[in-house]
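Both of the next two complexes hold subunit A, though its partner changes from subunit B to subunit C.
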Partner chain A sequence: MWSIIQIELYKIYKRPRTYIAFGAIAALIWVIQMGLKIDGEAYAAFLMKDINNTLIVDGKVLNGYLICYILLQLLLVHVPLLVALIAADMLSGEANLGTLRLLFTTPYSRTQWVLAKFIAASIYTILLLIWLAALALFLSMYIFGTDDLFLMKSNYVVLIETQDVFWRYVGAFVFASFSLLTVTALGFLMSSLANNSIGPIVATISAIVFFTILSTLNIPLFNLVKPYLFTTHMNNWKEFFDIQVTENNEAITGSILNIQKIKTSLLVLSIHIVLFVGASILIMKKKDVLS
Partner chain B sequence: MKIKSLTIIGLLFFVSYSMNAQNNVVVEKVRQKLATVNDYVAEGVMKTDVSFIKASLGKVKVYYKKPNLIKVKKDGGISLLPKGGVSITMNSLLNTDQYIAIASGKQVYNGKNLEVYKLVPTDDQLEWVISTLWIDPVESLVYKTFTTTKENGSFEITMEYGAYANYGLPSKIIFGFNTKDYKLPNGITLEFGDEAPISKEKAKKNKKGTIEITYSKYTINKGVSNTNF
Partner chain C sequence: MTIINVASLCKNFGSLEAVKDLSFEVNEGEIFGFLGQNGSGKSTTIRMLLSLIHPTSGHIEIFGQDIVAHRNQIAKKMGAIIERPDLYPYLTAKEHLQLFAKLSQKKISASQIEHTLQQVGLSNRAFDKAQTFSLGMKQRLGIAIALVHQPELVILDEPTNGLDPQGIADIRHLIKDLAQKEGKTILVSSHLLTEIEQMAHQILIIHQGKKIALGPTATLLDPAKSLMKLNTTNDVLSKEKIAVSEFAAFQLDREEGIYFSIPTEKIASLHQFIVNAGIPIVSLESKRSLEDYFLQITSQSN
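On to the complex of A and B.
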């Protein structure tokens, strides 16, 4: 099994489009970091307009932790689209080239090939996430330094102490890996349904966009289906950055406001991964390979 | 008749002057007590209680130098302080002679019989407009102030005293201030979802905030460098 995973990883490694995602993420992060380094104070002043009416905020608000949060907010919405470029091509690309038939004549079963391809695509996804973490978190920490995380949400502000921040990012990235693996699994499922590369990639991206719009619209009819959409749960990495308070409004260091929400989201995403991959295996097992 | 009227008016002026002089004695005693402190560094714990802010307790150091230099610094972190409120302390109010103290009655506050004085600045350049002081005339300690400033609204400061009462320095100080609404558009925070609307009760509470500093230690008159401010 490991040998065919290695083969699949080698194929991903040799494909030029693999590096588009790494390049795009690096370019986006670099541009945002430079922008905030040069003109970040004006951006922070704009965000803190309401607070500055009442309070003086003393300290390094625009530090590496806040920059990373801003980057993740922007990028974790779009990275799934980059993941789809590879994941949605894993099976259909082989079908398009006519090599799928060849693969299925090897001593390895179809299930093994499908799983090997999914594991290889998952490794690619995780590497992409590690790349994102390295640039968004560690590079931002290096450029902007660290301090308390002063997080401005829509209706309130959360101030998390420096020593209480890093583990939250670790948790957020682990959570994000589940989100992106769900996209990988979805792309994989689409890939199993087609015999060309473009169709599944476009279909995966369309599905993500479609469900994301449904998840964000606050219409009562859509609220009924929202809890079952993976896109509703993908953004819940932010829950790691909300904190419990006591009756006296003192924030509790090391706490998470709604840990149950994180657990539920992880469960929903895991179920989606299993369902998508399971469906892909079933489809491929029954598929009449004609290409 | 004219002589009688003039005598009564003169008598009234005399009584008023004597009362004022007597009242100023109380304020003056407080001022003298505070004047013994040229500078201090205080260590304490700060608690921020603003309804739209979730913040944990933080260790702070407060630097003060006569006549009105004051700085609150959090130990390695971001600190939130009421705008303009921290600089208007007892020391900065009374360390100048640029005020008139007017007696405004007596009140029982936390079981103590306090005298109430209104301070009106005589210098137009000062940033405060009027301040009310609740003073214990026996201990010469100020337990509460309510100050209205020109630009930063009103502040209520309440104080508790402990080991450093001899210097007129509190062991606990609570800054109360009015807050304005806080709201960032979802398009900026990228938070789209099912946020519960803020209740009326909470919205009302939104208007009040406090910052509480409990001091554990003062280092008094040992010199404080200007670089701290």
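On to the complex of A and C.
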């Protein structure tokens, strides 16, 4: 099994398309970081203009931690689209090339192939996330330094002390990996249904957009299904940045306001991963390879 | 020893019966020619042998083992190319062989990979990416992939597709060598019937999914009935005369030319009949190639 995972990773490594996502993330982050480096103070002043009269903020608001948060808010919505480029092509791309039949005549079962391909695509997804973390977090920390994280939510502000921030990012990235692996698994399912490359990529992206809209709209009918949609849970990495406070409104270091919400989201995402991959295996086992 | 044993194999795609009750055996060390027109069910049958398509009914045994229960063990001893030579455009010829050598679960040395590239005439292109290859070179690489792990059974679906005449001759010699010198069993399909004729020990012909002929090449090419083509100065009159004679039963339904599938001992009588009818004969040719035989037999089947 390990040898076919290695082979799948090797093929991903050799494909030019693999590097599009890494390049796109690097370019986006670099542009935003440069923009904030050049004109960041004006941006920070704009953020703070509504609360400057009621709150005195000491220290460096526009630090590496805040910039990472801004980047994640912007990018974690779009990275799934980049993941779909590879994941949704893993099976259908081989069918389209005609190489699927070569693979399926080797001494490995179809289940082994689907699992190996999913694991390889998952490793790619994790590497993409590590790349994102390296640029969005570590590079921002290097360029802008660190300080307390000051976040303005819709009707309250959150202030997290410097030493209490880093582990939250680790948690947020681990959570994000579950979100992206769900997209990988969805891409896989779409990939198992088609024999061409473009269809599953478009279908995966369309499904994400469709379910994201359902998750966002506050309509009673949609509210019934929202808890079961993976898109409802994908952005809950932000829960790591909501902290508990004492009766005197003092932040409790190391706390998370709603840990149960994170656990529920991880469970829902995991169930989706298992269902999507399981369905892909069943489809591929029954499929006649005619390509 | 029987290497492939196919019994009552059927495959339906919806209401289409692609393969109907097909049975045959392939013996160890032989080159088994598999003939059929496009859409006759050849590739569907080959894909069922390779477990790419699930049969609707019937049974396949390879190396004495059931293909469904022991697919992975059987696959270790098989190599195949199926229709087109589809490859990874971003990998070189050598990388393809290294990749499929690893997938075979056998220890394949670097020298064996070099040897396989040499066998198919691709040594000088080992480090070129497949996307730069012509169709013929891709076909050679496809054959190399099928051979790199030294399989006991090689299944080649249209292996000479896209090759020039020299390439076709090279592949024919390679297939013969694989059977004669290395004792491999080879099932080969081709639309170039003369190729099969020159190398196959046994031939199976299928038409519209059904077996219409199976037997040793020598026997199939020397049937009790001969395929004859009659050329006269007046084919219209000849056809009219033949239509009301005893030879009408032997005439084949062809739009062009006058063909007979006729017992050999009756050829002289046919010649005499046309002469007696006062029609000058230009020629009465024996058409004994496999291609003609194939046309004869599929015409009868229709």
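What we mean here is this: the second predicted complex is superposed on the first by the 291 of 291 C-alpha atoms of A that agree within 3 Å, B and C clash if a C-alpha of one lies under 4 Å from a C-alpha of the other, contacts with A are read in each partner's own complex, and residues count from 1 in each chain.
Criterion: contacts are C-beta pairs under 8 Å (C-beta built on N, C-alpha and C of every residue); 3 or more make two chains touch, one makes a residue touch a chain.
Not measured: the values here are computed from a predicted model.
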Under the stated touch criterion, which partner chain does A:Thr111 make contact with: subunit B (first), subunit C (second), both, or neither?
neither
Chain touching more of subunit A, residue-wise (subunit B, subunit C)
B
Considering only touches as defined above, state whether A:Lys14 meets subunit B (first), subunit C (second), both or neither.
second
Once the structures are superposed on A, label A:Asn218 by its partner contacts, choosing first (subunit B), second (subunit C), both or neither.
first
Please work out whether A:Asn249 is in contact with subunit B alone, subunit C alone, both, or neither, and reply first, second, both or neither.
first
Taking the superposition as given, does A:Ser206 touch the first partner, subunit B, the second, subunit C, both, or neither?
neither
Once chain A of both complexes is superposed, is A:Gly59 in touch with subunit B (first), subunit C (second), both, or neither?
first
Taking the superposition on A as described, I'd like to know which of subunit B and subunit C A:Thr99 touches: first, second, both or neither.
second
Name the contact category of A:Lys153: first (subunit B only), second (subunit C only), both, or neither.
first
Sort out for me which residues of subunit A touch subunit B in the complex.
47, 50-61, 73-74, 77, 147-148, 150, 152-159, 161-162, 215-216, 218, 223, 226, 238, 242-243, 245, 248-253
Subunit A partner contacts - residues on subunit B that touch it in the complex:
47-58, 72-74, 76-83, 177-186, 188-195, 198, 209
Touching residues of subunit C toward subunit A in the complex: what are they?
47, 50-54, 71-73, 75-76, 78, 80, 82, 84, 86-91, 95, 99-100, 102-105, 145
Which subunit A residues qualify as touching subunit C in the complex?
3-4, 7, 10-11, 14-16, 97-99, 101-109, 286, 288-290
